[in-house]
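The structure follows.
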């Protein structure tokens, strides 16, 4: 359960038995394919989820950067992002474990919608906790969860955002741990979540590696993925970690600046790999955005999905080992990346994903001749945010926005 | 260019040379695979579009109806619907023909977004005409088109809806026909559009037929698809037409009633196969919703994508031949189908698609033991409409809507 | 030459002025006054637009006029009554879309066939028969290319109507031959690519088209974009046997509606513009015949 | 038995009343008055909550109190100053999350290591050292299971602090053994599943847990959900060596904030409830010892 000095199980005692039960189930079903769990998981990912997703040559970006750019199209997965790989795996595992109920928390709503879909598909009752303020900002996602039959419980404590929703879900789990599984949405949390979520997401790199060899005759020189909690990142890197020739770039949200306002407790970015320091959060030792007392800072990013003060412990370890290159791309460059991919390739990426394309623009000269970028999700969910944020800036590649911003 | 008495080329003389040039290109590139056109088309559909899409067993619907229900997952195609199959084919064909510009019209915006994506992907300048009223109702789709680099031209004549946008696009084409290709979005219009669009969409049935045989050991007994203009319908039926054991069900929008208000010129449905009469519209002889003078009626459906007074001439022919079974499903049953698929299978369908599931509920006892239903598109685009329309009705399977309808 | 002697006569002696208005725009009575004003202004043939709900070949000026007429209740039967009601010397041609022609009388035919259990015999014949009875001497159907025209052509021949085809700048070779075999009365030479609509310029495409059509022995009337006497003069001087004017006239009707002018005032403007166009055409004709006799 | 004699003493003679409050809730001065009121009410040990921004093990009552304290500017250094400032007889235990313990003094350590070029030696030692200096006699760290506790345990041993672990109703077998090897001072017996929060009922799980723990020779203090003297009586009668009360007391603070009560009025209520709880516990103890001597 450790990645060097990172990882572990920093959870309330009441949850330890559940965590241990889960670790046992992980070993049996995921690692051991007991009862054909992994076969069923892979089959459902294919039929319900739409795997394999393509590895597509990006013709126009390849020309622009004079390098071969390939896109791993996780945006085409059911639900519109890589999130389903994990949600489906965990809900199925809960079923194999004899659990009768699913809970999850969600901030921007992406993990919640993926979990709700998986729970509907597998006929599991599901409750999603979501901060009241987030509910008001993400009504379409709330509606999607409810359409899929999940109960969405508004969390009104504190500021009504992700952190309060996490606490509320923990509370639920602490009371119902015997028949309930808590689906964590990234490679964070106590062991076995980080390894388990990585293993469910590793299909991204498993496919991408095979597709790259088949299409280009060799391994990529570089693999690029955006990083918030890090589940798409580790999923995209996993099978390349042992390929020492392949450089791995984790692109974090640089937000408005990497400078920290310690007084206000605000880091206007989410670059925990790039700027964070070791600490313990949500069950694991990892790199964090924290003040000198150890209080967690409020992080910020134009992309709500990257807006998290921690990061998966395995990524923290791989960064310390020098295997993963952590980089930060700011809000402006991410928005430019959003518009560039939309108008040159006909793919509207999630704002999370857009950070990876901001990186490509800024650093393509440092990259090798075959670059794989993970398109972790589609941008339909981000249209309102993109209109609002684009309107604040002067972006060359953006369309004329006047018809959208007038009267908004 | 004829399907029995249907089809033909009823277009202004100025367009005839373009139509003939297109027919020639269709024969050479699509039928003859000249310059490897079809190979490139299929490859781009796979890499950019995400084909093949799965044929998924719907476990819970299969149980509910005590029959094997399989879903052809066109909702997983890039853009969220089958529309891209055709748009990509036509934009690529325009490129092979040496055209330098793409135009299209769109009502609800689905065809427009698919065309804009394909045009961005293939680096073709693109103009989309859209009625001003439709623009105001479908702002997210307008934004998507603009993000993809297309120009969206508002059409202010008349009522500012699809019919005026069609006229405006025709006007553009009539002036620019020498260097411009008009991408028609369904199996309608003059020859060669109906056969060409069918051939681009036929990949749906080509895959589904192969997948059904592979997964179930035999052909399906029934194939079900919703029908507006009919492109997903013919695409889903095409390769099964010669399999006489396979029943083909085209599910039209029954709207609020099949009764017609001749005085107001309104048919509160879009059931042109089921209730329409022969006539000439938009370049082809087909079945239409028209009054006794031959004026086209205003059609209506809860699903804007089915809301069209005509239908593809080939479907009209197959219905007359008895090969295709035309059925109508009303707004209420379609909305129920929308909620049922969402909460039992974890797939939120387009409201168009939902009609096919309304049919399944109402007629499953008449169907055989292996039913394939085409999930033509996803419902993300329809969330607002679904909230509004659900709120008007008392639907058992719908979630509690109060948090969405209050203060809207 | 054609089926209709009246249309032949209109082109027999000097250039023909062929104006177009939408019947029933903005209402039945005004429209009647407007058409009669065209006649007074010198029309040789009048093209009467019967509005269809989906006019795919029109510019926005005429499209809006068609909507006004439909909103005011125009139907094929009222259109024929209008034609019968008119007091004009010019030959009358009906311009409409094929579905209205195809459906006309269909509901009666269908009721009859439902009663008799036989298939309905819809088709263009009832429309043409009724048009002939109303004094219509020709048809222009912008969405009916020669390839699909056989049934209508047969009905027109049966009832003595001309079937006018539109020749586009892009119509050449076999297609042109086929069309010229089927055309009667006159050929509508589309002056430029695009849809109907008044323009300031007259395209080079017109001259090219007229050159291409020289060998065919049928009157050539040029339309699309003509709005002044000077344009009319140039076009006729260039070889046209007639000029067709639509949008420029429909514009006057639309202006009348917008600015709430009296029917008489609009009619006067229509008559005046007609006179200018007719005179322009005649000047062009004179300069052409003079040039020919000089050579 | 434990590292801290004061804590041993608190459990040595009759049942221990162990109240909890969040330090700095709603502000430093009021909080000091409240903690002193607990002492007057009979507290044997006082658990002082040091607020962490992400309190994953708390019920909403205590979570809101932590937010109030943080918003009022509470930090670890102010917390220690508070402990030094207190005038109480009870033994003091600090309850907080591991990250605050782990980070304490880290920035100084990091600056030093940056200067010396060596790796930073962050870890729990500076926090424990400072806590000891401030008179804290024990630590409860709800997100630190025994498996991860070695470094903290060592520091506690070094500075003479007890490290209290929480035993859940689900803690059994090897895990329980391991925990009981590491615990010192007292064991915090979680009365039921869930997070902190006052409840009306006392669960059967409490009795089971106490049975399970009987063989271990360490004081057992039961917490989670105790809010009345009657509950305290039943729990101590059932075998508990002490009762831990948090949410019921924090509720009084929250009510004070909501209803704008004076610090004195809130302190009086805290003292009164403490008295009731302490007396309840003593009644329970008497009935238990009487029952034992009767047998």
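By letter and in written order, the chains are A, B, C and D; residue numbering begins at 1 in each of them.
Just so we're on the same page, a residue touches a chain if its C-beta (ideal position, glycine included) is under 8 Å from a C-beta of that chain, and two chains touch if they have at least 3 such contacts.
Since this is a predicted model, take the numbers as computed values, not measurements.
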When each step joins two chains that touch, the fewest steps from chain A to chain C total 2
Note, CA centroid farthest from chain A's centroid sits on chain C
Dist(centroid_CA(chain A), centroid_CA(chain D)) in Å evaluates to 37
The distance between the C-alpha centres of chain A and chain B, rounded to whole Å, is 34
Chain-centre distance (mean CA atoms) for chain C and chain D, in whole Å, is 96
Cα centre of chain B to Cα centre of chain D, whole Å, reads 65
Contact graph of the chains (line, ring, star, complete, other): line
Chain pairs that touch, by label, are A-B, A-D, B-C
Per the touch rule above, chain C residues touching chain B in the complex are 52-60, 63-64, 67, 70, 75-77, 97-104, 106-107, 110, 122, 142-145, 147-148, 165-172, 175, 179, 190, 193-195
Within their complex, chain A touches chain D through residues 8-14, 16-18, 20, 157-158, 163-164, 166-168, 170-171, 174-178, 265, 277-283, 288, 290, 292-296
Seen from chain B, its contact residues with chain A in the complex are 46-48, 50, 53-57, 59-60, 73, 75-78, 80, 116-121, 123, 135, 139-140, 142-144, 146-149, 339, 342-348, 379-380, 383, 386-387, 399-400, 403-404
